[in-house]
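Each of the next two complexes has subunit A plus one other chain: subunit B in the first, subunit C in the second.
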Partner chain A sequence: MRAPLLLELADDELVVGWRDSEWTGIAPTLEEDVAFSSIAQNEIGHARAAYELAARELGTTADELAFDRTPDDYRCAPLVELRLLEWAHAIARRWLYEQADHLRIETLMESDDAELAGLARKIDREEAYHRMHAELWAERLRDEWRFRDAVDELWPYALGMLPEALRPRLCERVGRGMTDTQGFERGSHTQELTELWDEMTSVRRTAPGAQW
Partner chain B sequence: MVTAAQVWSALAELPDPELPVVSLVDLGVIRDVAVDGDRVHVELTPTFLGCPALDAMRRALELAIAGLGGEPDVEVVTGDAWTTDRITPVGREKLRLAGLAPPAGTPPSLVQLRSKAFRCPYCGSQETRLENIFGPTPCRSLRYCESCRQPFEQFKTL
Partner chain C sequence: MLCPRVRLRRQPCTLERSIGMKIWEVFRQEKKGQAFAHAGSVEAPDAAFAEAWAREQYGRRGESEALWLVPREALREVRDFPDEFDLKYRRVDGYSLKVRLKEARERAGTAAARAG
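So, the complex of A and B:
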């Protein structure tokens, strides 16, 4: 039963892509407008591929999984739900998310399930460019207090995204210690998810069951 | 009755919707063609998973196959099916002539992206710098040539 795992991945990627797309048109430079839009497009593309695999197993469609569930049914982590329209926070999330996502994808690439491992390899090739983008920014903002504060604030969320077994490796990669993750774990949701869901599904809900 | 060779030649005429200088065959996104009676099964693989041109490609394939009198059956294959190694030598040359630097052999590290390892498709100089990892489509980065002062698009290596 791989659907729960696929839905965690797909929901994270859909929601983080949705949040990244909020920077389209308001990023501090045109180049970052392009970068965030492109990253958002890739993340939503990964979500679509993972939903399609899950949909086959669950006897439904990718669109139904993406848009026809209630907010409580989503399996995304609180990290991706937050509305972060402040640049230091947006970069801190991109950086932490890519580090945690990389660990997850590496694990999936080792899967005995050839289809899952193949999808993970494909996603990883694309994510390599997201990681480089995040790294460039983290390097540039390293000594900026707003960025450091944002990373401190989002760190428990980043840990909460991963299963416990992978957390020590995340600590190692980002050079930080373990911390209390209560309230930031996957499985709990923020109010921001409900607001996002309301907007994300608003057009589809105007015509339930329609062929778009 | 339509043959696989006829199908391949018809598909070699279909331009990529976003990079019309290359065909879908040049780009390596056609994985396989199998003919069984009238039925023509084609395996199509996206370059990037989020490629918005996928549906347009599928429709173009279906029309081309129907034009040959075949019954199209297009299957989209995700998974680890496409890398930039699948772009044919002819495809790479067409990209270069259109001012799009073809992908490097192996996926670059950040250090390499920021080094002078990439060649300008216009003047051949390696005095080029990274402008943006992301470009007009997910598969391209933007670079700038210090020698001929020309910005250009660099195909990403996947």
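So, the complex of A and C:
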């Protein structure tokens, strides 16, 4: 019964990759543009790998899992759904996402399921550099009020990415006290996901069942 | 609730505004053991950003075994090599080696015939 776990991971990676790729062409500098887009592509690559593993168990395909479910069926956290076309917010999410994702991947790497642990190790090889990139930005913008405000605003969403048991460790990582903050929990969705889904699946829905 | 502001243009950020951006020249090694060749450059505020950005720009397609990042200001450029007196013997094309080789072979051939 690892499919639900894999779908959480895959849906997060697909949707965050989709959202971050909205920065292609408009990031603050050309170099960051290339890097941000490349990282977004990596995330979608991780999604594919996780969908493929889940698809084997569920008797379907990665494409069907990625594109043929309704928005309500997605298991992604609200954090990744938000359309953030303001750099402080985009980089704050990237940083918070990497912190939370790291805790999840570490847990998966210790899994007794060799396939799951193997996938997690492969993903982590790339995520190490995503974390490096995000840390550089967080460090540089630490005293910038726009970044701090963005982190404050997104914090309840970041909490919602992880199961209760891992949340204290997330607080520790990002230097925040464990308060009674109500997380934006996985399972509920924002209107922004529906809009994203509509665009993301539009081509595929023009020709249902076609082989691409 | 979060209200995303949509601004579809490059946004000036702290990075550009307050930090001296430097050009880092990027040298790329394609395979182990090969020489590093100049690949291009990245503009970054420090070595760490230069690495993060060069990594994605010059390594994401598996095209690099390793990169060297060098601040442009660390490079010393050398130009102007006067050769006013046509000392062509210092160049590899200074002698016509072909003719000389032919003559040498002929001499050697003659010598060999005499010995026989």
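Please note the rule applied: the second predicted complex is superposed on the first by the 207 of 212 C-alpha atoms of A that agree within 3 Å, B and C clash if a C-alpha of one lies under 4 Å from a C-alpha of the other, contacts with A are read in each partner's own complex, and residues count from 1 in each chain.
Here, a contact is a pair of C-beta atoms (placed from the backbone, for glycine too) under 8 Å apart; a residue touches a chain by one contact, two chains touch by 3 or more.
It should be emphasised that the depicted structure is a prediction, and the values quoted were computed from it without experimental measurement.
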Overlay done on subunit A, so just call it for subunit B and subunit C: clash or fit. clash
In the superposed arrangement, which partner chain does A:Arg140 touch: subunit B (first), subunit C (second), both, or neither? second
Touching A:Ile44 in the superposition: subunit B (first), subunit C (second), both, neither? first
Is A:Lys122 contacted by the first partner subunit B, the second partner subunit C, both or neither? first
Pick one for A:Leu82: touches subunit B only (first), subunit C only (second), both, or neither. second
Just checking: does A:Val34 make contact with subunit B only, subunit C only, both, or neither of them? Give me first, second, both or neither. both
Between subunit B (first) and subunit C (second), which, if any, makes contact with A:Glu52: first, second, both or neither? first
Interface residues of subunit A shared by subunit B and subunit C, listed 31, 34-35, 38-39, 41, 129, 132-133, 136
Note which residues of subunit A are touching subunit B in the complex, please. 31, 34-35, 37-39, 41-46, 48-49, 52, 115, 118-119, 121-123, 125-126, 128-129, 132-133, 135-136
Enumerate the contact residues on subunit C facing subunit A in the complex. 2, 4-16, 19, 42-45, 48-49, 52-53, 55-57, 60
Taking the touch rule as given, give the residues of subunit B at its contact with subunit A in the complex, in rising order. 46, 48-52, 78-83, 107, 109-110, 113, 131-138, 141-142, 156, 158
Under the stated contact criterion, what part of subunit A meets subunit C in this complex? 26-32, 34-35, 38-39, 41, 82-87, 89, 129, 132-133, 136, 140-141, 144, 153-154
